[in-house]
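Here it is, the structure in full.
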Amino acid sequence: MSVDMRTFLAHVELDGPVITAAGCAGTGRELAQFFDLHRLGALTTPSITMAPRAGRPTPRMAETPSGLLNAVGLQGPGIDSFLERELPWLAQRGIRTVVSIGGGTVNEYSALARRLADAPGVTAVEVNLACPNIEDRGRVFAREGAASAEVVGSVRSIMLGDVPVIAKLSPDVADIVAVATACADAGADALSMINNPLGMAIDTATLRPALAAGTGGLSGPAILPLAVRCVWQVHAALPRVPIIGMGGVLTGSDALQLILAGACAVGVGTALFHDPYACLRIERELADLLQARGFQRLADAVGVAHRPPGSPARHLHEESSL
Amino acid sequence: MQVTGTVLTTRRVDAYHALTVVAPGIAERFRPGHFVSVAVGGSRSSMLTRRSFSVHDVRSDYGGTVELVFTVRGPGTEWLAERRARDTLDLVGPLGRPFPVPRDPVSVVLVGFEYGSAVLFPLADTLLARSCRVDFVLGGGSADRVFGAMRARRIAETTTLSTRDGSLGLRGEVTDVLASVITDTRADVVYACGPMEVMRAVTSVAIKFDIPVQVVAEEAMACGIGICMTCVLPVIGDDGVTRMVRACVDGPVFRGERVRFEDVGTIPFDAQGAPGGGARHVS
Amino acid sequence: MSVDMRTFLAHVELDGPVITAAGCAGTGRELAQFFDLHRLGALTTPSITMAPRAGRPTPRMAETPSGLLNAVGLQGPGIDSFLERELPWLAQRGIRTVVSIGGGTVNEYSALARRLADAPGVTAVEVNLACPNIEDRGRVFAREGAASAEVVGSVRSIMLGDVPVIAKLSPDVADIVAVATACADAGADALSMINNPLGMAIDTATLRPALAAGTGGLSGPAILPLAVRCVWQVHAALPRVPIIGMGGVLTGSDALQLILAGACAVGVGTALFHDPYACLRIERELADLLQARGFQRLADAVGVAHRPPGSPARHLHEESSL
Amino acid sequence: MQVTGTVLTTRRVDAYHALTVVAPGIAERFRPGHFVSVAVGGSRSSMLTRRSFSVHDVRSDYGGTVELVFTVRGPGTEWLAERRARDTLDLVGPLGRPFPVPRDPVSVVLVGFEYGSAVLFPLADTLLARSCRVDFVLGGGSADRVFGAMRARRIAETTTLSTRDGSLGLRGEVTDVLASVITDTRADVVYACGPMEVMRAVTSVAIKFDIPVQVVAEEAMACGIGICMTCVLPVIGDDGVTRMVRACVDGPVFRGERVRFEDVGTIPFDAQGAPGGGARHVS
């Protein structure tokens, strides 16, 4: 008997738990050359901004041990073009779409939410909080609970009630639980973690930073242990808040770690660069691992690692299904 | 598509390594200019990003093989150079936009620098099949880094060689000889592959002659399939607007005169979406 | 001509920049079986505590992609036994020794400093701030500038002036520069970074955390980009404060990255588990890389990546040598 | 010491893989009970920690070789199982405290479970050279997982086999037969290697007979050389105090009755430095 892989992102049901991570799946058209996008739990868009953005100069990438540094700088066409050309393409095909948004001020996030509020085809809105707050000396929203909560609260108040608002958190904080709690209190229906911790590489040939932007976001398997820890800590503190776990997932076993730690869905980013079919493979591997461990439903595995050793997983499934 | 191919043969060609890999699906879909990306380091590798290589040759034996020619630059190519016959390789391809090929039997100069020459040979075959006149200009740092001179001599009308150290052909850059080759052959179009500064120089020669030039842009790539946005360079569109376009899916072949070579590695102030640029949305 | 590899830890000169990281080189006796410890820039001890500590239960380790999670829990013999048996062994042999200390209260750190103040053979004291503050709900000192500064200030006031006090920082903060500045203001003669970010792995066979302690510290090449970024940011803000860079150094090229980012010495931890000779190999590789790039002195390479491209490295060496 | 050894031969032995590696320095210093640690995954591996293996056999040919016998457990041993003759392996060793060997020609029972048996054969050779009487008790989950039965039969006085599934020898645990072997052979001492629960059971049998028992403790190890403190287990010292000692340098061979098997994986409350324990320093 196959495992029931359905999951809920707040009140929205997804056919499967594996979704693409923001900024790692292009517009959808690129991956559609490889497989049918309906097989994804959902596709997350790159973070959409109000204005078109050319992003950062190149080099934008540097490989690190089991990781990748990137400094793309949210290159994108801006919300108008997104609503005109990209979202309709996904919506017409009925592809579950999480729209990620990014801004430099609370107002910009609100403006984006207003534009998305009546757009068809938005499964959920993910608020990328890893953007510099231009009204606070460029300090990243995600670094502070209050700043994060303000953004999330404003987006939540604008979006229609049936579109979940997901707050995406960064690990570069002293207390991820505090930021998560602030976001949940501000109305976030779900949390997504982790965004890239800030890293850097120096090119030892040129004696200069390897990325044109200097620092960049670290992704890939190197950060999986940070992601598992963040999911674990937040699930322990906020067991009722759905979590999309991500950061370094390359295999079904990595995805299972995040699920056992408390995630009900799993985002895949950098792995797609290595393997365009990564989401499908990971979902298949995850289903096999769940089955081998006697789980009939994915939902029964969520957060199981928090239970005292030896406690029966089976009986608790009512409570853990979100 | 993704293929787990078996290495058929490995050989050294002067300073380069050449690998022939059985990869039927890729060989079948191949057109000149395509590239493939290769996973390096084995199953628990710490190297996450695929390495990109132009396809040098495609054959139909064993259901279809592709040949890659490469130089050892860092740990990924070092690993690749250690592959042996019967090892397996994980390839994704064919990737990128191939060379646009003229319909008419025009006169074509192919300019290749070092391993960049490799991608020009399947193109030459296609052009010859269309009765084009093909002339080669091949260059490199030194004699052992000029790739394909013998094969070029065999198939092309003329082959002009140059090296920076003078160890083979004329001493100097490929562009030092390009103008006279274009004149002599009355070339209608130039195709070129090599490092960015060579592409830039080739483009300016072609512009002087007012003939089209197609160049292959080599940018550091994390995905090769258009989803990571790391491989961008400023290219002028049909509408005259400069955009940061992806070398992997919008290229790697571009019209030379559209590439803003002098601005590669920057965001030109007039590029669409440049910081503070005119295209900024007023919210 | 060979490169001059001498460096300064504040006013103390070291023959070479490569030192062992705290808790990764045992008592010295273990590595002495492999090579002459005088060839190290310095040996750093595990963090010494007042009382003997049995540490955490096993499993204490889990391998992660290009990384290692550990939860040893500062197992050690306590300061008495350290002063009686371990420090004298090192001191008698004239091995440069950085003594790391760890405590649960400011008082415990002060008490340790008092015990070390007149002990012979202490080259420097490194204050491990990644310890839970038992007077503040177990919140780790390193997470907060004020708590870190208090510890550093008290140790600095007790140690004799000629023994540098090094503050060891953790990357799990929103603003490493703020913590670094607080420590420097409190009298730290040098900074050491990075300690292990907190991570976690779930054992997908037992469905439980892989470490008995649940979470653990992540080390190894996976964290190198975080270390380079922290060193870069702190050196940019505090160019006169000497930095011991560490975190994921496996090769001379990794060490060079940290030096170009602003470190004047480099700590090697996890690499020693893989290769007992790692420090010697890394120093050799580093010297070769410096030579190939035309550096005559290690000191000239410190922080070079901060210079605008094309600026001559040579002329600036007065200023960058610490 | 660290050695880059060349793989001489690889073979399958029932469920196990055996690798013979040329490693002169290690072979020379070897004594029965030593182990080596192996770097896995090649030069850009994402696997950071070495894997530990007991040395099964040492020979003097090629300047000195060591043989490891292992089972595939995870990615590291999987990689190791793919090694072929002429590949190189990075070894550190010999590591750990070897078996203490009696001076007198006593009667000895060697108890091995699965690949744990491997380490007992060089010990048997040493004991036989000292005119000890040697008897083997070997076991495993199933017939193909009992290692070394043939060789044991060749060299030992008696060899008793057992398997959990009954597919070879007696059905059950090695300890089910150990008592009668000790009685029959009038054993003076027991040596054992295998999983912790088997070591525990063997120890309690030896304690019943009041004879010394030396066991090999297998704990997850990050360094193997005593510097990482990850491989600890609670062991009672000569002074009666329990300490968390390192399996890699304080072991892996321990006197069985000193190991607090029931407390492995915990910090016993009375261990030196245990939280809240009596040994706490008053500051």
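Letters A, B, C and D name the chains as they come in the text, with residue numbers starting at 1 for each one.
As a working rule, contacts are C-beta pairs under 8 Å (C-beta built on N, C-alpha and C of every residue); 3 or more make two chains touch, one makes a residue touch a chain.
Protein identities per chain, from UniProt: A, C = Dihydroorotate dehydrogenase.
The model shown is predicted, which means the values in this text are computed figures rather than measured ones.
Student: Chains shared as neighbours by chain B and chain C?
Tutor: Neighbours common to chain B and chain C are A, D.
Student: Would you mind checking which chain's C-alpha centre is most distant from the centre of chain C?
Tutor: Farthest by centroid: B.
Student: Could you quickly compare A-D and A-B and let me know which has more C-beta contacts?
Tutor: A-B
Student: Please report how many Å separate the Cα centroid of chain A from that of chain D, as a whole number.
Tutor: The answer is 46 Å.
Student: Mind checking the centre-to-centre distance between chain A and chain B? Centres are C-alpha means, answer in whole Å.
Tutor: 35
Student: For chain A and chain C, let me know how many angstrom lie between their CA-based centres, rounded off.
Tutor: Chain centres of chain A and chain C, defined by C-alpha means, are spaced 33 Å apart.
Student: Quick one: report the Å distance separating chain B from chain D, using the average Cα coordinate of each chain.
Tutor: Here chain B and chain D have centroids separated by 56 Å.
Student: Find every residue in chain A that makes contact with two or more other chains and list them.
Tutor: 65-67, 220-221
Student: Considering chain D alone, which of its residues make contact with at least two other chains?
Tutor: 44, 46-47
Student: Which of line, ring, star, complete and other names the graph you get from chains that touch?
Tutor: Topology of touching chains reads as complete, every chain touching all others.
Student: Can you name the residues of chain D that touch chain C in the complex?
Tutor: Of all residues in chain D, those touching chain C are 1-2, 39, 46-50, 92, 219-220, 222-233, 243-244, 249, 264-267, 271-275, 277, 279-281, 283.
Student: Note which residues of chain B are touching chain D in the complex, please.
Tutor: 41-47, 75, 79
Student: What residues of chain A sit close enough to touch chain C in their complex?
Tutor: Listed in rising order, the residues of chain A that touch chain C are 64-67, 69, 143-144, 171-175, 197-202, 204, 206-209, 214-215, 218, 220-226, 228-229, 232-233, 248, 250, 253, 256-257, 260-261, 289, 293, 304-305, 309, 313.
Student: Can you list the residues on chain D that touch chain A in the complex?
Tutor: 44, 46
Student: Which bits of chain C are touching chain B when the two form their complex?
Tutor: It is residues 65-66, 221 of chain C that touch chain B.
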